[in-house]
Amino acid sequence: MRAAAPLVHNITNFVVMTPTANALLAAGAAPAMLHAPEEVAEFAAIASALVVNIGTLTAAARDAMVLAVRAARDAGRPWVLDPVAGGVTAFRRETVAQLLCEGPAVVRGNASEIIAASIGASAGRGVDAANGVDEAAVHADALARRIGATVVVSGPVDYITDGTRAVEVANGVEMMTRITGTGCTCTALIGAFLGAGLPGLEAATAAMVLMGVAGEVAAQGNPGPGTFAVRLTDALAALRPKDLDQRGRYALRLTGTLAA
Amino acid sequence: MRAAAPLVHNITNFVVMTPTANALLAAGAAPAMLHAPEEVAEFAAIASALVVNIGTLTAAARDAMVLAVRAARDAGRPWVLDPVAGGVTAFRRETVAQLLCEGPAVVRGNASEIIAASIGASAGRGVDAANGVDEAAVHADALARRIGATVVVSGPVDYITDGTRAVEVANGVEMMTRITGTGCTCTALIGAFLGAGLPGLEAATAAMVLMGVAGEVAAQGNPGPGTFAVRLTDALAALRPKDLDQRGRYALRLTGTLAA
Amino acid sequence: MRAAAPLVHNITNFVVMTPTANALLAAGAAPAMLHAPEEVAEFAAIASALVVNIGTLTAAARDAMVLAVRAARDAGRPWVLDPVAGGVTAFRRETVAQLLCEGPAVVRGNASEIIAASIGASAGRGVDAANGVDEAAVHADALARRIGATVVVSGPVDYITDGTRAVEVANGVEMMTRITGTGCTCTALIGAFLGAGLPGLEAATAAMVLMGVAGEVAAQGNPGPGTFAVRLTDALAALRPKDLDQRGRYALRLTGTLAA
């Protein structure tokens, strides 16, 4: 990815803009955050990939998202969806349902968000996962097949599926749930790997392993969450492919549904 | 609060979204930031408490705030108001006056903001307090009685009043005024303690003591403001009730007005 | 500047609000971020200076910017423009062209942004400079003369011109391009020095030297970008005029065009 330095267009939530931009820079990508309906289509066609995150959704942002993803698709650019708290309100459920029809390459959320995206109904409260990854895996498989995308369930062990193949990533630390924006950053990194040319399953796996290993490095010495967040950015910048080869803990298998 | 892990709905300003979310996580609460008029009422009824902060106010945000506070009130959920720079422009004075009629459990601001909220006229310039806490105390008492809420004046010694009883909190360090968002974070923490079930005066006292002690811990060794901000988050995560019992410096008394 | 403690009004992008506010506080200024069309004109006349940054531009923000800069001008307050990614979309080109007609005291951007501002056409992709500072200098001179402002081209050696005199600032480190918001922070600091009473060329030089030296201090020991960002804020707070006198590396000369 560092060689490609993909330009990643983010229509993302206001809570995570700063840490997301810094994480993308640390990982070697070029972040751009812009969300005006007047320009998103023009820019989405220039960028290497698009990241859509509904955390601080508004009606104007939803319009911009639809314009942008259609322009990205028309220009052959991949895009990734983060359906933050996607099942919690009717406004979010409708927005997620609409965006899922627009051909994302990857969808990433926690267990509750992925279940909500798959079944179109409420699950969880706010941004926390009220469901387990295992419970969400079958819904992730179904969603992946229905929309022809890669679906990522974040959790203690991440589950990544394209409906046929699944990858489980065991990297990461609990502290990552104690600071804001780690999930959103994973999604942005998936966008960066998509922008660098990786297909959905590979991009998602690379991003989840990178973020997980960075979290493990940052957690050394058991720092508080403020220090951890700083070190996480440091780690993202310092890690190299060989580190991920050595420290990555992931396994490919057929999806549970198919294997059964 | 860590046992309750209250879900805290924030309609807050864009400058402090990231540090506020991290502070709430560090203190054991679950933050959610969402502000679309299409969904705030639905979400406010789900959350344990609501935080309304007018720092980067817009007309759309004002509409969302009114919808949210009414939904919170109807659902029996407490809410806290931070009237950032509330006396500085006509738009802010009108918004603050409107929100004060909607039954906040707590109002927190600096001396100039609380005087402006109480008298409905300009005081101070921007986010800095041009008035002293002593000067604001009588206005805080009057405001508390008028709207039936707890009112907090932040300063070197914080003044917290419900119109009858007052608490003074002496914790905190001057460095807290040198980074952005410490006042807003206090307000968010008040929201978290309200969400955990504490009444207004107790929630405000707990939040101001927690934040003040965390500031004292973070200031050890006299770091620069960047390092201080990181350690402040670390301290919020590390502090336990017994630390606050040992280090909290606060005293209850009858309000100045009544005692006179 | 610390004595003046200028109140700096920012209509700025959502990615950099937190670090910009902290940098202004560290440097001794009083930041205020507000952008509602209902109040920006009123506030711009109160503040010492205005900073306009189009990073996360929207139509509403553009309207607010125009209202604010006119009010600032009418009140005799200087303002500085940061045309982030200004050449990349038609929406940005039109906005920049409109704002350049409203009398900014200073315009600061990277080489691609300044070329785009000067020639009114696209240059660069996103926020990264695709052009060199040398290439941009002649365009900066022309722009400075056309609009009667000081123009700053950020880069390894910054180029600051009022169309007659030019200053080159050699301070700064490459790491500053690896975290988000350093350019935007430079612009905000220019606003702060304008607010403290310095004329355009002097304000821009002071800001670029301050930021460059702070970057050099923060880069000692070669930290990762997370740690670097924290130390940058620390350094901005710690530096004093004598440090800048000792460490500043800049030179005044006639502009290339005139000297030729």
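By letter and in written order, the chains are A, B and C; residue numbering begins at 1 in each of them.
Everything that follows uses one rule, which is that a residue touches a chain if its C-beta (ideal position, glycine included) is under 8 Å from a C-beta of that chain, and two chains touch if they have at least 3 such contacts.
No experiment lies behind these values; they were computed from the predicted model shown.
Graph distance from chain A to chain C, where chains that touch are one step apart, equals 1. Residue numbering shows that chain B and chain C use the same positions for less than half of their mutual interface. Our note on geometry: chain B versus chain C, Cα centroid distance of 33 Å, whole angstroms. With touch defined as above, residues shared between interfaces to two or more other chains in chain C number as follows: 14, 17-18, 229-230.
Looking at the complex, you find that chain A touches chain B at residues 13-19, 55-59, 85, 88-92, 125-128, 178-181, 223-227, 229-230. Chain contact summary for the complex, chain B toward chain A: residues 7, 14, 17-18, 21-22, 25-26, 30-36, 38-39, 42-43, 46-47, 60, 229-235, 237-238.
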